[in-house]
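The two complexes that follow have chain A in common; it is paired with chain B in the first and with chain C in the second.
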Partner chain A sequence: MTDELDPLIHVPTRLKIVATLAALPDGDTLSFTRLQDLLGLTPGNLIIQLRKLEEAGYLSTEKTRNGSAQKTTVALTRQGHKALDAYTQALRDLLGGL
Partner chain B sequence: MNHTPDTSTAVGNGRDFDPRQAAALLDQTTQQTRRKLAPAQPWLLAIRAVGVLIVLGACWLNVRGQHPYQGPTSAVGPFVVVFVIANFVATVGVRMRATAGVSGKSRLRPAEITVLALAWIAVFLIIGGMSIAGVSGAAIYTLVPLTVPLILGGLAWAAINAARKDWRPFGVGLGVAVVGAAGLLAGVVAAWAVDGVGLCVVLLGSAAAIVWRQRRSVVRP
Partner chain C sequence: MAWPTMRTGALDPLIHDPERLRIVATLAALPDGDALSVTRLQDMIGLTPGSEITRLRELDLAGYVRTGKTGGDRAQITIALTCDGRAALDRYTAVLRQLPRVARDDHQAPALYVRAGDADRDAAAAALGEHFAQGRLTLDELEARLAATLTATTHGEVAQATWDLPDLTLLPARARFPRGKRARPGHKPGPAPSQEAWPHRHGWTRGGSS
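Now for the complex of A and B:
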């Protein structure tokens, strides 16, 4: 029944990551620490999931260094937005048929 | 969507992840994120709406029987000052907390800050110009400060958000400008009441629009 759903997004943790980033205003990015705070994930778990999504081209990360502190920001790419739209449409279709 | 899954027990991969659970989780996460990242919180807008109605309403009750017009008595002053300071502190605090870790286009750009600053500078230029032209004190010290900042500030805010295609704050800016114009036409005494009621309505409308957007389902059209 879930074959139509993108397997990369159809995992609770990754769905939460993608949904959180998609809720940002267009052109905005979110810091790694705020994303972690919003999702309540451990840094290790979040890094693993972000890496999978980044490898698929669904999100982009940018590291900036300010003195000794390093800041990582995350944003959903256009491809990521399209994938979530397609996933949401597939969910609608599935739920409409239930 | 009434059912909300317990994500702490949700499966770690998608095989046993039911579409209904996924839809609920998608809606729940989207709504929570919109709520937590909103720089303008509906509860704060609602409190501000009631506050502005009480403060400006008290000023109107204070001045409505005056012949000739003398302005609000000094007894009202402390309430206005406390309201302005509390409103400013709460607004800045909530905004800083909501936008922590967020960067990008939603932040005000230097050109937009300049437009807002110019709108405020224009208010002082108008007051100065009227003073030089010999316009009466009531108009300079009550009617203009009560209405012109709303007109110019509202229009500047509306223009900035029209350029961003962000229609809720655009509507707020336009609404504030209309309230200012109505106050200007109403005259020096009635302007207090028009501003109080008008700003209360605009703020409550904005709060309602934010709540509607935050609760809107992503999955269910």
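Now for the complex of A and C:
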């Protein structure tokens, strides 16, 4: 019996967000705009998905103010890494050698 | 940092649904042409009869599965994956592999002058075997490249052996079961497809990333 696929990660948009952040070298963050460019999402959609992942503790956001411009950076938390690992493992088990 | 823009295709929503994904993956693990009875599938996957029937109907409408009936006194409805269904699953897994986490190792590939180890040579050799099995190399080419790969001392030399071959990670996944009928006439099948060929570099291996 395979473990359940984490529904928070399974949604394609969130899967892409989490996978993108997980690919960063440890300690690196991505800016909101960069993430938006990479994934081709609308700002509204990205904000909603990020909020859901942040509420679950899977990622952390940080706002920095540089003069008048505000910049938001996003990074995966340890818990987020763990959740993605569990998710990919469940998926691997499900798909076998495919 | 130079970060490639993500160019992954969409994940087929018909397959991405967890219950349908479970059904399709289970059927895909059967040898070509084999079918499962609906009740057997239900036991294997643990879905309720109601949701199983609904999911199967959705897959049937899309042409991903086909239903049949066994003869005899106790007629049973059987389910099998169609060619379309298998192709859709192949595309689905290919999209999954293109997610950046999986491609991370490429991004951090060692420089060409960096010394290669046994694991690097073995992985390249396994990839060559896979390309031979898929008909991209002749036996002579395979032997020449294997010889070059196994004596390579740097990552550059290892990479040279596969420079003109497509990235196995981006090709559609192959079924685990050999399909003899599709082999080219006169083409001797190569070594068994190696489980190590691509997961080795991409952390998509069983048992966690290495």
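Note that the second predicted complex is superposed on the first by the 93 of 98 C-alpha atoms of A that agree within 3 Å, B and C clash if a C-alpha of one lies under 4 Å from a C-alpha of the other, contacts with A are read in each partner's own complex, and residues count from 1 in each chain.
In this text, a residue touches a chain if its C-beta (ideal position, glycine included) is under 8 Å from a C-beta of that chain, and two chains touch if they have at least 3 such contacts.
This one's a predicted model, so the numbers in the text were calculated from it and none came from an experiment.
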{"item": "Partners on chain A (chain B, chain C) - clash or fit", "value": "clash"}
{"item": "Partner chain in contact with A:T72 - chain B first, chain C second, else both or neither", "value": "neither"}
{"item": "Touching partner for A:T29 - first (chain B), second (chain C), both, neither", "value": "first"}
{"item": "First (chain B), second (chain C), both or neither touched by A:L38", "value": "both"}
{"item": "First (chain B), second (chain C), both or neither touched by A:P12", "value": "both"}
{"item": "Single chain B stretch clashing with chain C - from 62-70, 188-196 or 206-214", "value": "206-214"}
{"item": "Chain A positions touched by chain B in one structure and by chain C in the second", "value": "1-2, 5, 7, 10, 12, 15-16, 19-20, 22-23, 28, 34, 37-38, 88, 91-92, 94-95, 98"}
{"item": "Interface residues, chain A side, partner chain B - complex", "value": "1-2, 5, 7, 10-13, 15-16, 19-20, 22-31, 33-35, 37-38, 73, 75, 88, 91-92, 94-95, 98"}
{"item": "Interfacial residue positions of chain B with respect to chain A in the complex", "value": "7, 10-15, 17, 19-23, 25-26, 29-30, 32-34, 36-37, 100-106, 166, 218-221"}
{"item": "Chain A residues within the chain C interface of the complex", "value": "1-2, 4-5, 7, 10, 12, 15-16, 19-20, 22-23, 28, 34, 37-40, 84-85, 88-89, 91-92, 94-98"}
{"item": "Chain A-facing residues of chain C, complex", "value": "1, 3, 5-6, 8, 10-11, 13, 16, 18, 21-22, 25, 28-29, 46, 89-90, 93, 96, 99-104, 107, 173, 175-176, 195, 204, 206, 208-209"}
